[in-house]
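All remarks here apply to the structure that follows.
We call the chains A, B, C and D, going by the order they appear; numbering starts again at 1 in every chain.
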Amino acid sequence: MPASKLLSLAEAIARFVPDGSSVALGTALESLIPFAAGRELIRQRKRSLTLIGPISDILFDQIIGGGCASKVRAAWAGNVITGSGYCFRRAVESGSLEVEDHSNLTIAMALRAGAMGVPFMPTRTALGSGLYETNASLREFACPFTGDAVTAVAAITPDVAIVHVQRADEYGNAHAWGNLGVTREACLASKHIIITAEEIAPPEIISSDPNRVVTPGFRVSAVAHVPWGAHPSPVPGHYNRDHQAFIDYQRDSRTLEAFAAWQARWVDSGDDYPALLGEARMASLKIKTRALAEVVDYGY
Amino acid sequence: MGIEVKGEGMGKGMGEGTPRPYTQPELMVAAAAREISDGNVVFVGMRLPLLGFQLAKSTHAPNAVGVYELGIIRDSAAPEPILTMGDLPNLYRAQWLADTADVMGLLQQGIVDVSFIGGAQVDRFGNLNTTYIGGAQNIEMRLPGSGGACDLASLAKRHIIIMAHEKRRFVPKVDYITSPGYGNGAGWRDRVGLPRGGPSTVITTLGVLRFDSATKEMMLVSVHPGVTVDQVLDSTGWPLRVSSEVVTTPAPTPSELATLRRFDPEGYWTSERTAV
Amino acid sequence: MPASKLLSLAEAIARFVPDGSSVALGTALESLIPFAAGRELIRQRKRSLTLIGPISDILFDQIIGGGCASKVRAAWAGNVITGSGYCFRRAVESGSLEVEDHSNLTIAMALRAGAMGVPFMPTRTALGSGLYETNASLREFACPFTGDAVTAVAAITPDVAIVHVQRADEYGNAHAWGNLGVTREACLASKHIIITAEEIAPPEIISSDPNRVVTPGFRVSAVAHVPWGAHPSPVPGHYNRDHQAFIDYQRDSRTLEAFAAWQARWVDSGDDYPALLGEARMASLKIKTRALAEVVDYGY
Amino acid sequence: MGIEVKGEGMGKGMGEGTPRPYTQPELMVAAAAREISDGNVVFVGMRLPLLGFQLAKSTHAPNAVGVYELGIIRDSAAPEPILTMGDLPNLYRAQWLADTADVMGLLQQGIVDVSFIGGAQVDRFGNLNTTYIGGAQNIEMRLPGSGGACDLASLAKRHIIIMAHEKRRFVPKVDYITSPGYGNGAGWRDRVGLPRGGPSTVITTLGVLRFDSATKEMMLVSVHPGVTVDQVLDSTGWPLRVSSEVVTTPAPTPSELATLRRFDPEGYWTSERTAV
């Protein structure tokens, strides 16, 4: 067996996300968002990160508010159920944040190009759109077979992907289920992968279902045990989306002062997030119905 | 005060103080649902379209299939109210949980019949801006961006725009094209290489608009109950064409309302105070 | 609910595979090969088919031996554990079969281009190889970003994909597990999909695990209940590979006469294949150990 | 009689009648296993390489990772003997069961350290033909084709060729390049645009050959026990270069043999009568 890759979240972030890294986050779009890892990036005062992802809900907004990012390569940044992301808006409008504007399809294909080891992927989206003005990773060209206009999307190969999953073993083998967005592509495209997991499971649990594995463990650099690590986004099998937290965050990010107070309370006060959340809130979010997948057999 | 996709300081268009058995967003969701035919493959966007799909699916379009950019395909309404497509009830007994690339492939192949997009700015040819007010070189306000909207607008067979109807939003020419409509008019989509599609309908807080088949220019075809054509013209930033036969948007039926309220019992998306 | 898509295998093949169709088969490569469907193609005397797939083990050889195919677009055709496919060899050497030579990567990307709705996919394989001599679907061009030489692979959109799975409901929703090869791409790329399934399951069984679904049911045209439908290839959860059948087939396909006898015995004698196989052989192949996947929960 | 990748009428190269404690294929598998270093990512091909990976994994390379074109990644040997990579024991407790495209992506990225390919014809620059004897325009015999071999030869950091050593197979120039080696010599791979790689070793029924780093021409470096250099030269269709220090290929150790026989207890791949 290889050496264990189990680290504390703080250690994993310290070791594999140096200042200046390009980081893929929020790759499942609206669920399994690695919010705990985002708070750790802020807590460690990371600087000059490039944030990569399709739709991060409020994660990118928080990391930007924390002053950690100098560039975003994304399709959307805001607060899914309330609208704008205020930290993102302030940073762009003040000129402190560079943005490469993608669509969900172009960012998916940029990461897939990275995953496939090719310099670009062709798409038929975005022709005639403003994305060409603000994204040098898009280039129109003629299909070598049909002559049709095609948008080439340049490969993105992040320095690190941070991915939250339901369970992982200490060697980096991880199960994720639900909608996975661009997670597979992001993992395969990235030089390093940090897994944050609701549960650390024995290797036999993970190897009991190799189709459920999200990326091969040998490509993973670190695994951290982080219960509630995706809150307030939902995690199938564990907890529902905490809508109130997103509504509260709209208020808590509206001004610089409000955000500073948010950061002081939720980030810099320490890393015992479940204690901050409180038992009652966690209980209200835990899944109430069970809906178990039908058995499958890998015997021989 | 800037333009937000949702939430702040947006005016109400419809006659205030007039008691109605339904809210303005409920009317709009019902109008959106009617754009879905039975058996359609629907790429379902955020916010009101979430409800529009569920309403259509539960009424006149039981065989519609919903496709969500997160990598979800559903052929049944979610079993519990959802605020967003990533809520766990929207995953429960989905027809398929896949990757974003998979569902984008369906879209890019031309399998998606209809999709829905919101916007902060729209122009007479149905181009949408949800990225930069002022434009990319002269940023007055940064909005969230495309998400999947540019893809839906580029690749669905047709798409429906859902918007608050205000003069600052209905502009002669958008500052930035996040989601292409008909560009500068007829023939533009072909010229730039978009394989199909274009906006077919704009559902606003005031009425319903469609596009002239020859010129691809937006045209008012329906006003909501209590709204006048002049109100619409006053709220549009260019001389809006008006159909020779403007009708009144049908009100949601009691049965539609009852269904809709099961999907949004707290009125998060459909209370009178909710902006679109 | 939509109408049931459940048909007999004979009816599914008759309705959705007219002469001249292009058909993707063997998309999981060495397992879950739809051998029963292949025999049905032969039994119905289909003609002028184009066979599409990466590695079909002996399936393509059988269909070619049956006289059904005029063209193959594949990476490999033979008998995995014994070597050459004799029917394939005879057909090519006699000039009666056109071949478009792919590699596994180029055929995967051709189908993925179809699945993604783009006219081609870029790869870095096959440059300098003979594949360019015998495959007009490959074209060298310069990456629009890097200028690197890249092999463009033209999209393939089969008329129909025939896919064997462990279980499906009558609406075309299907679970498959194990190595899936190019199955996802082939299904999404094809105009029609025929599912052959070891078991027909209630819809609730399939919808209990939407991540396990192989392609969305609304894209499927027909579902046929075909126990032992992939024999002699293996089916996880059901039966092991029948090596002896592949060794026997080497002998039974070596000459035209031998193949005619094989076809008379295994194809034209009827479609009660389990009876032909016999209880003892089936018992010897059934999986002996059980290895159940760990539970996952989709509750809320 | 034609050339088969396996099975028919192939001569034995090694001294017949000499009793040895191991078979010719066992020697070759052991030699193949030694090409795998601990921690290597190995793209495992059909036939003998299946065993070579399992042997290396169970002896000197416990941290090697096996990648299979079917969409399988394993970091442990299969729990039961397998004849082919699709056998169910090779899926059991795999590290990942994925799509062919996923594992091809790893290969194309340059993550695969070493891979193994068999062949029907090879030339002095390590180009392999497993498709058309006689060439595509003048087909004398059709062989199975590339499978993943062209991809491995194009994209792995290096690949190992495993072949029967016969004059009709070791030809000056292959009739068709299924799997590119060094083309017509040094610089060719760069010129055609291949991103990396090339054959590093050829393991035959008679010996082991490597490639001159300057000319990229094949060179004999080792003969199997009981084989002479002249035998090798006689079985090669061009004037083969011979290293100044030809050694004898190490025999498999008793422990290697014991392990190997657990993986192929019936000798399907490794009995003396089995062709490579």
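Following the convention adopted for this analysis, a residue touches a chain if its C-beta (ideal position, glycine included) is under 8 Å from a C-beta of that chain, and two chains touch if they have at least 3 such contacts.
All values reported here derive from a predicted model rather than from experimental measurement.
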Other chains in touch with both subunit A and subunit D: C
Distance from subunit D to subunit B - Cα centre to Cα centre, in angstrom: 59
Distance from the mean Cα position of subunit B to that of subunit A, given in whole angstrom: 27
CA centroid of subunit B to CA centroid of subunit C, Å: 41
Whole-Å separation of chain centres (CA-atom averages), subunit A against subunit C: 36
Sequence positions of subunit D contacting 2 or more other chains: 87-88, 91-93, 97-98, 101, 104, 107-108, 155
For subunit A, residues contacting two or more additional chains: 116-118, 123-124, 148, 150, 177-178, 180, 184, 208, 211, 236, 240, 287, 291, 298-300
Interchain contacts, given as pairs of chains that touch: A-B, A-C, A-D, B-C, C-D
Subunit B residues touching subunit A - in the complex, by the definition given at the top: 4-8, 46, 68-72, 83-88, 91-93, 97-101, 104, 107-108, 129, 131-132, 136, 139-151, 154-155, 176-180, 183, 188-189, 192-195, 268
Subunit C to subunit B touching residues, read off their complex: 1-2, 115-118, 173, 184, 188, 204, 207-208, 210-211, 213, 215-219, 298-300
Residue numbers on subunit D that touch subunit A, as the complex places them: 41, 62-63, 65, 73, 75, 79-80, 87-89, 91-98, 101-102, 104-111, 155
Subunit A residues touching subunit B - in the complex, by the definition given at the top: 28-31, 54-55, 74-78, 80-85, 88-89, 92-93, 99, 101-105, 108-109, 112, 123-131, 133-134, 140, 148-150, 177-185, 233-234, 236, 240-241, 243, 250, 287, 291
Residue ranges of subunit A touching subunit C (in the complex, touch as defined): 116-124, 139, 141, 143-146, 148, 150, 152, 154, 166, 175, 177-178, 180, 201, 205-206, 208-209, 211-212, 236-237, 240, 287-300
